[in-house]
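First subunit A sits with subunit B, and in the next complex the same chain sits with subunit C.
Up next, the complex of A and B:
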């Protein structure tokens, strides 16, 4: 007999996996919609061929493949679901179960990753066919730390977005805040360009924000670009802790407000 | 000792007020004004274990707000609630294990999956072991007659089947206190009857306490001996359903069919009671209950009667009268 939390986690993952499989056709489009990095790759590849950017076309290709992988495994949409639950009052029945509603969302995301996996593999295979020069064999160090930071990165992104989602208790469109956040995420996370290409001052500031740790940091580790691992981990944990504390405070105060307005 | 004990319960809501038109919209944007609505006022009652109590009131009377306070979804502004020794709003796991709330319009089952998958989640969340799970699902599904539908996606079920599956999900952890908000809303007559029968059986089998709201009086008459009537947030009646009906409708409807051989004069018939209708040989009277015996015997003694029946006035009419006056 598994312990209760493990049993709950396993059940939620298996049920939500079944749920996601129902949406397999849509999933292909979601995976494709995350192929932004491959478009940027085309652009940077051109640029790399025409000037000295410090990155060879193969390195660019590798970097954006890393970005693509990180993006695929860290997609989070909890704010849209949570906002719907609050606005439509669907949160109420969930509050009456002896489990925090966040776990349904969290394991729903985990299950979706598993469903997505074959499509990701397919795209990676396609990518390797198009850019055979970019194929690399990751070192054990890259595999271990890359994977660990990838998981941490997903948790951090989930936590931050779930914290923004708490604002749904007060405003009708919490997703608007998420869209604003996405602007910074797009530029500072390393999604459009490796951070190494940023001006020194911008890079220094960016590295204190959570953004680079959502893409650039795990992607760099995966492909073997040099990063300050201990510092990066500390910053990730630090931002995670801040988000967690704010999240729990907002959850408590928000629930009171939600119930005050009629639940 | 009561399992539900409610003392001086009250709830005040702030509601945003907006004037119509552009000016109102701008004002609303820059400076929101709120008005306090007293949804529930000084409500007190207690319910013993195993009782089935109907909670009646017109729309907006405060029924759902009260149910939400009893389940811990909303915090009372005043007063106290005790459910089986627990304060609902702290939503302790022990408390949540003992209660359930079924809302006719809200669903907890995952739409695109068979109900059985959602039930698996509930089993894990409520720590129900595999063999218990199979046994309970089997038992409840049999009571609800939905054994075959549990493996179909919820979206493919009829409204009645879905409601039954929702009921199964809500009762899988075998709660002792059931709060049901319009559990038969929108169901056809057969499905309503099935849900009622199931609730009755559940109550008898597990000794569960049930507090239910419904707009269908048939639910209330079939299930509840006792009713609470709430009107504009205040509890205006707490007692037996029959006593309420007697108090508000102290009359009976007497339908008579005369022998066709005699001439029936309307004026003469009026002397027997309040004549409602006369069509050929058939007449209907409204008679105060305390005059009923006298009226019927004088009818039988003076006229040739082929058929006579006495009926209670429709319960919907009586309750509508209670809601209309707002007092008992």
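Up next, the complex of A and C:
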């Protein structure tokens, strides 16, 4: 009985792939607007040249390339779409279909990853030209666990944002909550610096929050920085479970509360 | 005569948009909290560099703080005046409502650039000013030094506006270009830190291609009294050229506007 879910997944991915390809030009700009890590790459690279920070310039370059890659593959925007659906009442027809609306969003995101791939390749190539000393060959261990945590961290980020999206049933601007969350995400996820450079206390606290696992953790695994793998996986699964439970409760209660246009 | 008319129109625009925004007063609390959170994050980011012995070449902690303060003020300015207006140009083109703007008996660039003002950038303006005052106190700046901030800051804002408007105007051709301004915004993030902190290629890029250096570093240097007059002159020249270019480009772009239904 596994064939139905597979069939549904394949159909949705091919539909959304076709849809995303139409907006190729727009996609280039989305990829480029993820240049935030590159700014910090420049700063840290320069800093490492003038003193000993525990990282060499090449290691910084590698780290921020890892951050860039992880960010490209884990971009999530489901809350903006979901909020629109709730506020404009577009959720109503979707509820009639024999499939949970979340899958449409989920596979839309997955399909977009595929369209993004060529642009990401291009930028990585450019990066290797600029920083040839940063090129590295990942070990099989890094490839396997790095990819796995990358997929997990996309799922975790999607799940958390989709949980915030549920609040759209009650408040008109659920995205404001997401933007506030994003502030913490920016500065605690390791986007501005590897966590090893954080003060001891901040790092200890940060490692219990979901933020580092959305960027720092998969990026470190990909480039071979030492991390506590079992503990990291446990924390990811733990936060994922919490988000999932809250999400399902809010979904049930929210649907009863839902009175969008036409419902 | 013409100027007085524009001033009167501007006053009406802003009265209406402030009245409309005040309907959502809860937003103000959200804006204050977000602004505080963003500031804490920025300070943390800067602190990460200075907690080791490293400092951006030629910039002490307080001086780098000054740059951050000016950056926060700029964020406030763009949230109040620039983004609520310029990010909407795409929408007018998409829906064809640009027709109504073009029919009005005032400059369409003026209408598009000024008709909304959003008070939610205010917290950033206030907190940014506090940081500038605090950092200035640490460095030992005089009242006159604070005044010296305004000319380069105003020139920087003029350049930023023109660049943003030009990008917005490209939506005449590329209807779905919403993200171009997003790219500009992400590049502007570089202004949080003094330009001397970047490698040479970055410095060239952020001076000549996306003039981030003129937005925060040059005003800060002018305040500390370390600025070469060449930089101020460059800033003035850049603002004048970009502003003129934005006017020319808008006129050019309008020739290709075909409205939504035709």
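Just so it is clear, the second predicted complex is superposed on the first by the 257 of 263 C-alpha atoms of A that agree within 3 Å, B and C clash if a C-alpha of one lies under 4 Å from a C-alpha of the other, contacts with A are read in each partner's own complex, and residues count from 1 in each chain.
Rule of thumb we're sticking to: a contact is a pair of C-beta atoms (placed from the backbone, for glycine too) under 8 Å apart; a residue touches a chain by one contact, two chains touch by 3 or more.
Being a predicted model, the structure only gives us computed values, none of them experimental.
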Practice item. Label the relationship between subunit B and subunit C on subunit A in the superposed model as either fit or clash. Key: fit
Check your understanding: Who does A:180 touch here: subunit B (first), subunit C (second), both, or neither?
Key -> second
Exercise for review: Quick one: classify A:201 as touching subunit B (first), subunit C (second), both or neither.
Suggested key: neither
Check your understanding: A:92 contacts which: subunit B (first), subunit C (second), both, neither?
Key -> first
Practice item. Could you say whether A:15 touches subunit B, subunit C, both of them, or neither, answering first, second, both or neither? Key: first
Review point. Of the two partner chains, subunit B (first) and subunit C (second), which one does A:137 touch, if any: first, second, both, or neither?
Key: neither
Point to revise | Included angle at subunit A between vectors to subunit C and subunit B, based on C-alpha centres and rounded to the nearest 10 degrees | key: 90
**Study point:** subunit B versus subunit C - smallest C-alpha distance in the overlay, whole Å
**Key:** 6
Point to revise | Set intersection of subunit A contacts, subunit C complex versus subunit B complex | key: 23
Study note, to complete from the structure: Contacts from subunit B onto subunit A in the complex sit at residues 13-14, 65, 68, 71-75, 89, 91, 93, 96-97, 99-101, 103, 106, 108, 110, 112-113, 117-118, 120-127, 129
Point to revise | Residue ranges of subunit A in contact with subunit C within the complex | key: 23, 25-26, 29-30, 32-36, 39, 42-43, 45-47, 50-51, 53, 130, 173, 176, 179-180, 183-184, 186-187, 192-193, 197-199, 202
Review point. Which part of subunit C faces subunit A closely enough to touch in the complex?
Key: 27, 30, 33-34, 37-38, 41, 44-45, 48-49, 51-54, 57, 174, 176-180, 182-183, 185-187, 189-190, 193, 197-199, 201-202
**Study point:** Touch list for subunit A against partner subunit B, complex
**Key:** 1, 4, 7-8, 10-12, 14-15, 18-19, 22-23, 89-90, 92-99, 104, 256, 259-263
